[in-house]
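Heads up, there are several structures right after this.
Next, two complexes with subunit A in common: one pairs it with subunit B, the other with subunit C.
Let's turn to the complex of A and B:
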């Protein structure tokens, strides 16, 4: 088998693998939320059933741009997943955090393009909220990444992961504690969990961007969220929690990150959008800035 | 009789499709509902959804818009004006779609049987797959109905949406008969749209050739 075919198989494997991991997390997440609310909750494979059901339904498209935008979003996020090292293994050999940040926004922009084309005002409100919130969490996030760039003089996620591989004591969570807090707050907003769930807000703007998605489009919407979970939890594990040397450690660490988010989500109410952005800039932003200054001077 | 034929045809279609049974499994285990809280019945849904009876066990959950939902819940009496919105919502839903009527009001009018703004038989306007008797049905009855509906989906019996497609003329006739009653009573004397102008009239109006 030649090298290209092998690479192709690996890429397809990562695409479906990231979806499967994300869907598993979503299902476990629903179970966790249910247990917090003292319910039984759905079985852990419920998200798989939901997505397959969505693909067996009829669906409505509004125009070509909607199809294109949604596929672009999925493509953008899967492309990001290729650059996330999974258990010290990166299929493309390089995994620059700058590329990850850059590709991740393609996913969001594709989503924005696709759902705005549906012409529903609720979708437009949802997207404008999502983009406003993006301004809120990307800046603190980039400040923390800059602190790491200063220390290592490299943007490679694998370098960071290898530097943390000498046991718990070497994890970045101790080296950049303020940065970790900033990123955790930003992560809450990235995955759109309360108190930053303005974008979906079912009771308020009828699930925002998803309002016009039916059948297969909704299925792709779920897959988008799944890949997004994979990418973002993977990113945090590689940045702060020491990467992993085997796949199950990696999965456990990724789920631990998501579990924290879910626990906060279960007990918080939603901010208003301007409160949300202010909160992100004041808290996540100042922690990120302090980390950057500290690393620049003493790091 | 007619209905039986439709059911048999559906069964035959599913037999030919080797994935039919599997697809039905996914459809029954993941029903997303759009609840149309028209009457008193909506009050029994919160206990059905929350910790006590926890409907999410069955893979059911609330959805925000008709586009995303599989299951339309009509929770109680329907006034003629609401009926119009229900029909719009139902027609926006994607197939396969199911309708459940809650309580005696959608079945035969219940205690509103002689009220002028309320319709008596929901199944004359949209196809109802499952009706729950009671005024109001308790959460146990609701969960029981959903389990029965799941069984029907698995057996390929819940084909209300196909009935609607096939007998659309009949449904449409019934809908028009009552919706005609909701036309505005007071009409401004020079409003060009008040008397349902024809397409030609509208086009003339747009070109400025008419001074209705």
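Let's turn to the complex of A and C:
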């Protein structure tokens, strides 16, 4: 097979695969939340229906920056998905965690740019909260990653995943227990679930960034969240849960991560924004720092 | 090979600048632009002509013969080339910026400053270096002042700190001359490296005196507060030069003198922390502190030029950390970030100058929505902030990645944590600039604002292309580093046109950029096949069923811009951020009182004054006799 065809297949596979996985998780997640709250909930394929419906409707735009921002956002996140090893397979042969962290930002920047160009103050307030929260979770997360980085002297996610492939005992949960706690707390904020759902905050700022999105813009907004779920759960699985040897194990592990997050989300209230960041710094930050100090000195 | 080209590129701008003081303003800007073309042309041909130098000898009273030497070293040429290219772009920008309404009379001084800059990068001896350094200091003082009281205050502040540094450097030069008997820079480096094992106290004194001078010039901690005054108050078109080129003199100095000294010192001569000699580790910590302070201050600043000045401080912190690791990777990363910062901050300040040129506003919350009327300016700013936030596929990512690789190589994880904090914070303030100036609601006052004039737009477009090129093909810049590294006594780094190899992994920037482009292509396809879109006026927003105009809220007030990060202000209240400034202010007031005292004694010519003078003479005489 020639290289271009292979690249094309990878492109289509990763783009639509990550969207499909994310949408599936979102659908299952709604079901899980509903059952926790003793409701029936929508069918698990509801998210697919929502997105397809969104794409068929007429949508509203204010200017070219809005279009550009939304496209850049999903493009950036899909590009990030290429650098997450899936079932111990690195799609492009390189999966540096530093690239993942920084490339994800272009998605967020695009989203932020697109919705601020809509001119609705609620959207911008949501973005300002999201960015502020980023200061909270990014630092603990990075500290834990650095702990792994100096152990293996490599920043490749595949290296970490392969190092954990000898059964459950070799998982990084046991090797970096404090780091795992820190990352779990930070992860809650990364996907924006309660108690860190300041960005969306439906009752306060009318769904924040989503407030002005309609039709295909809203559809891309859903897809954005789907790919974000794929990327971030994939990141956690590769970092801590031993990667995976086959695609269904990978999916189960990824959903397990999301399931934990949802369960916490279902029973928590929202912090105020500065409380949220302080909480992240104090708890996630101190666990992360302890892990880093431990690994740097004794690891 | 002796070349008369070298003194030409130093002295011609200075002399022509003096001559221009008597010429009309508009003509001056043209001369400035044309001479910059000539200079850039000459400088770019210098490299191919091989090693060359120009020597000039004279006798200094009491110390014998002084040999002044200008020459082209790999490091000097590199800085010379990037600064002349950037100066050319900025001068093209200024040509349109300085019309009848906005014109300033700084062109002659600026030209002299360009000469001084070339002198700094060409000097092979401390005398030439010092003369150029001083010329640079006072010309920039008058440029920053440019005839406004508030600006002159900022200029004085800048000059006072820089003067402190210059004095320290002079002391260092004298000590070095005393030790080596030569004014040459290269022999100073060798001797100091030897002294680090035999006369450690002396060597460390010399090194710290020079470091003070370089830190003061590059606004590293504890001199981090002058850019927010000087950059903000300087003429708008000059701010780009100030932030793009002038802030790097200190970096050049550190790369020229401090890093090679430690590179030449055998390992184990001085105690090291985490594999880095402890003086360099302190430098790394101070630089990291600089970026943290710069970042936090930038987040809560409302003046757009001040915000970007703080961002400059933060970025110089990155450069400082990179070079403080002392490895080839760190040295290369520092140079790479220097180039990138020159491009992206030049672009950002150019776009801010364009905004101010069209609107006359500097307070961000009074602007908004300018992207819809000034698209080129907006895209320059956008690419600038993407690069500044270190996001691929722009150039900033490559250099930040290299800096982090240098830190990982030495396992300096705590310094790296501070830098990651600064890097995340950068996202906050950069997005704030983007939103508050260019996005959100467009005020009715600015509905008829036009795009920046052609030459300004052209130089911004060139800057955008450069940023993209260095981002997608890092080898265009990193490929030039290896002969500089070898000349400084370090190992070469591994790099190709597309990829860079660090300590923990290698990345292919071209691959990252193409994956991003392809992914955007897929999304664009989805966007096109999706349903029809309809364009709606900005004020037709979702407002829970209320019409903002009923509440007398127009686009101006509907723009969320003022005190953007108010909810998280309290989180930083524990940081003692203003302590150093307060200390300087107290010192400043003390000096002012001292000055007043002396003036009051001597000015009215009373007996007290004469007795003071007599007293001083008496003390001197006693000192001499003893």
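We adopt the following convention: the second predicted complex is superposed on the first by the 298 of 299 C-alpha atoms of A that agree within 3 Å, B and C clash if a C-alpha of one lies under 4 Å from a C-alpha of the other, contacts with A are read in each partner's own complex, and residues count from 1 in each chain.
Heads up, the rule we're going with is that contacts are C-beta pairs under 8 Å (C-beta built on N, C-alpha and C of every residue); 3 or more make two chains touch, one makes a residue touch a chain.
Owing to the predicted nature of the structure, the values given are computational and were not obtained by experimental measurement.
J.: Determine, under the contact definition given at the top, whether A:42 touches first (subunit B), second (subunit C), both, or neither.
T.: Touch status of A:42: first partner only.
J.: Regarding the shared-chain residue A:6, is it in contact with subunit B (first), subunit C (second), both, or neither?
T.: After superposition on chain A, A:6 lies in contact with neither partner.
J.: So in the superposed three-chain picture, is A:282 touching just subunit B, just subunit C, both, or none of them (first/second/both/neither)?
T.: It touches nothing on subunit B or subunit C.
J.: After the superposition on A, what does A:60 contact: first (subunit B), second (subunit C), both or neither?
T.: In the superposition, A:60 contacts both subunit B and subunit C.
J.: Examine A:256 and indicate which partner it touches, taking first as subunit B and second as subunit C; both and neither are also allowed.
T.: Once the two structures are laid over each other on A, A:256 reaches no partner at all.
J.: First (subunit B), second (subunit C), both or neither: which does A:215 touch?
T.: Both partners, subunit B and subunit C.
J.: Where does A:168 make contact in the superposed view: on subunit B (first), on subunit C (second), on both, or on neither?
T.: Neither subunit B nor subunit C is touched by A:168.
J.: Per the contact definition in the header, classify A:206: touching subunit B only (first), subunit C only (second), both, or neither.
T.: It touches subunit B and subunit C both.
J.: Across the two complexes, what residues of subunit A are contacted by subunit B and by subunit C?
T.: Touching subunit B and subunit C on subunit A: residues 56-60, 206, 211-212, 215.
J.: Sort out for me which residues of subunit C touch subunit A in the complex.
T.: 369, 371-372, 375, 378, 382, 386, 389-392, 397, 400-401, 404, 408, 411, 413-414, 416-417, 420-421, 424-425, 427-428, 431-432, 434-435, 439-441, 503-508, 511-512, 515-516, 518-524, 526-527, 529-539, 541-542, 544, 555, 558-560, 564-565, 567-568, 570-571
J.: Quick one: in the complex, what on subunit B touches subunit A?
T.: My answer: residues 23, 26-27, 29-30, 50-51, 54, 56-59, 62-65, 67-68, 70, 94-96.
J.: Going by the contact rule set out above, which residues of subunit A touch subunit B in the complex?
T.: Contacts found on subunit A: 30, 34, 37-43, 46, 49-50, 52-53, 56-60, 202-203, 206-207, 210-215, 218.
J.: Using the touch definition from the top, list the residues of subunit A that touch subunit C in their complex.
T.: 7, 11-12, 15, 55-65, 67, 70-72, 74-76, 78-79, 82, 92, 94, 96, 98-99, 102-103, 105-106, 108-109, 112-113, 116-122, 124-125, 127-129, 131-132, 134-135, 138-139, 142-143, 146-147, 149-150, 153-156, 206, 211-212, 215-216, 219-220, 223, 272-274, 277-278, 281, 292, 296
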